[in-house]
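Note sheet for the following structure.
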Amino acid sequence: MTWVLANLGLIWARTLDHVVLSLPPIVLCFVVAVPLGWLARRYRLSRGIILTGAGLLYAVPSLPLIFVLPAVIGTSLLSPVNVIIALTLYGIALMVRVVSDGLDSVDADVRQSASAMGYSTWSRFWQVELPLAGPVLLAGMRVVAVSTVSLVTVGAVIGVQSLGSLFTDGFQRGIQAEIIAGLVATVGLALLFDGALVLAGRVLMPWTRRITAAKPSAPVEVSAA
Amino acid sequence: MIEFRSVSKRFPDGTLAVEDFSLVLPSHKTTVLVGSSGSGKTTLLRMINRMVDPTSGSVEIDGEDIATLPPVKLRRGIGYVMQNSGLLPHRTVVDNVATVPLLRGTPKRQARADALAMLDTVGLDRSLADRYPSQLSGGQQQRVGVARGLAVDPNILLMDEPFGAVDPIVRAELQQELVRLQKELDKTVVFVTHDIEEAFLLGDQIVILSEGGRIAQVGSPAELLANPADDFVASFVGADRGRRALHVERHGNEDVVVDSDGRLAGVLRSEGVR
Amino acid sequence: MNLFASAIDWILDPANYVGLNAIPLRIGQHLVFSLVTVLIASAIAIPLGYLIGHTGRGRGLAVTTSGGLRAIPTLGLLTLVALWVGIGVVAPYVALTVLAIPPILAGAYTGFEAIDRRTVDAARAVGMSELQIVRKVEVPLGLPLLIGGLRSATLQVIATATLAAYVADLGLGRYLFSGLKTRDYAEMLGGSILVILLALALEGIFALIQRFVVPRGVSGRLDTAPTLRTGSPTAAR
């Protein structure tokens, strides 16, 4: 505890580093995964390619990927960009499947009645299908957010600073309080991101409120395998 | 003979499904429990094989209080057929039919042979024996369900809306099949339905239930139609309207029978009356 | 100079196939460590998951606890345990078992929950005892989702076992950390490629297994989700 009080400045700085590393992947993967997920649903051929690709990408471990990226894109090994790109890829791999499943979950009757009312394919996607797939997307994004926050810590072993640096530093110097502080801060940050997403879901999808209250994290759990 | 003695059932959530229910179900007859949802008919049925235990009162089979019998053993001696057949999706038709005999320790070869014979009894082709339930039509699945219920040659057969989920044509077929089977096998059948037509067709004794398992009336189809106990029963069996409320009109030399909507139902002939 | 060419050279270099740091040995360590971890986690999570799935009790607690476990970064747990018990394999075993439990637990109980209640009800009504219902109905029908959970757990453990080398002389992660120390990028890259290939190979094997364990008669019902393994995504991989 004394260590924590004496090093509040350090913890705060590493927390900010952590936010800078984890926010871009969370946002980017969503932006990329929505069109990819749409494409995966649209054509039979693209579905096979995109979903298989996402499945394989998801199987690629993050830490080795962080080591491989410099050889592919020419960054320096210690660059934070490697961590951001590796985690963005991981998020895309997960979200493409979620977007595709989420769009699948939209009732065919609703889709047809929307077309019958005169929505174009484009406007139907943005105004009907995407909002209705919202709860599934939200569940997926919650998983992405929590896992990204957790995975960012791995970068610390090659020297990319984050809350994970508290683990490596605490381990090397034998300071238990430092590691525990890092754990608490990481989990706290993950919960904060998760809470923000839930809140955003409430605001953006008021029609789901009753259902959300009844079964909070059900979609994520159901897809657990 | 099955006897309910002042049976009540209150579920943990507080609902009183059945209150002070007493009834005798005679052996070798078909008793149909009919009522709308919430009438406690399924709860009553499931008390007979202890899938539900009464909160108070007792259920007796041939004079023995079933609360004293171990439920698993009791169930293995009573046939049970439910809506959507309840077949095990990962077992073939013949293995599904042989489930209970195998549980009771019948040798596998014997159980399979019996199961195949049972398929004949319920009118299923033996070529279906190695199919999985998902590869059958709804009507075929229900026949397998009936075959499974009959596999241990039980004295009692419980049927919980067994034909509720199949289309009307197949339902009529299965109902006729059950009538034929019952003539042949002479079981004590307890049948639950919300369809009064089905009750009239199958039942020797019909029990009309109102909310909370209260008996509105018990009797044969003829008794219920001729003397409905009250307005509820009259409207439930439809005695006051439609094609059950028939009257005779004279047309020339013939008596014609007309329903309450004025539609012609038939001609009355003296030699036609038995 | 092509970085990948040098990494391939490193992988093919005969010098890396002898001694205590030989590639086959490291792969073997990596696999054995992962297998044992998944077995330990299974021994804890499968009975517990079956109990939750069969009785329907404790589900809320399991979901919350698993969720909490998933938010814990493995590197933090690993270094903390290593501080307590010292350098060696104990800390990785503990940290990665914690990592592997949530997906297996979820696979076990969602496998039971996904079974049509009427099927279980009918099995009970025809006279199966509770143990027979579990053995003859719930376990076989729940198998596809359990295998899905095991698949997810195994892949995460294989991936995260790389980190184990941070506190123990163990597995393919050694190449990453020793290469990092000596600034030998060929070794780091070669080691990374080996881990990725190993993970992809296991992914393929599991995909095959999963195809074959679906009980006949229920095929097609449960195979919509295998590639979305959100089971325990927070592994520090």
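Each chain carries a letter (A, B and C) given by its place in the written order, and its residues are counted from 1.
By our rule, a residue touches a chain if its C-beta (ideal position, glycine included) is under 8 Å from a C-beta of that chain, and two chains touch if they have at least 3 such contacts.
What you see is a predicted model; the values in this text were computed from it and never measured.
Minimum number of contact steps separating chain A from chain B: 2. The chain with its CA mean position farthest from that of chain B is A. Between A-C and B-C, more C-beta contact pairs join the chains of A-C. The distance from the centre of chain A to the centre of chain B, with each centre set as the mean of the Cα atoms, comes to 54 Å. A straight line joining the Cα centres of chain A and chain C is 20 Å long.
Centroids built from CA atoms put chain C at 50 Å from chain B. Across the assembly, chain C contributes no residue in contact with two or more other chains. None of the residues of chain A touches two or more other chains.
Counting partners per residue, chain B has no residue that reaches two or more other chains. Those residues of chain A lying in contact with chain C across their complex are 51, 54-56, 58-65, 67-68, 70-71, 77, 94, 97-98, 101, 140, 143-144, 146-147, 149-151, 153-154, 156-158, 164, 167-168, 170-171, 174, 176, 179-180, 182-183, 186-187, 190-191, 217, 220-225.
Looking at the complex, you find that chain C touches chain B at residues 116, 118-119, 121-129, 132, 136-137, 140-141, 215-218, 221. Taken in their complex, chain B has these residues touching chain C: 46, 49, 51, 72-77, 80, 82-92, 99-100, 103-104, 132-135, 148-149. By the touch criterion stated above, chain C contacts chain A in their complex at residues 3-4, 7, 63, 67-68, 70-80, 82-83, 103, 106-107, 110-111, 144-149, 151-152, 155, 158-160, 162-163, 166-167, 173, 176-177, 180, 185, 188-189, 191-193, 195-196, 199-200, 202-203, 224-231, 233-237.
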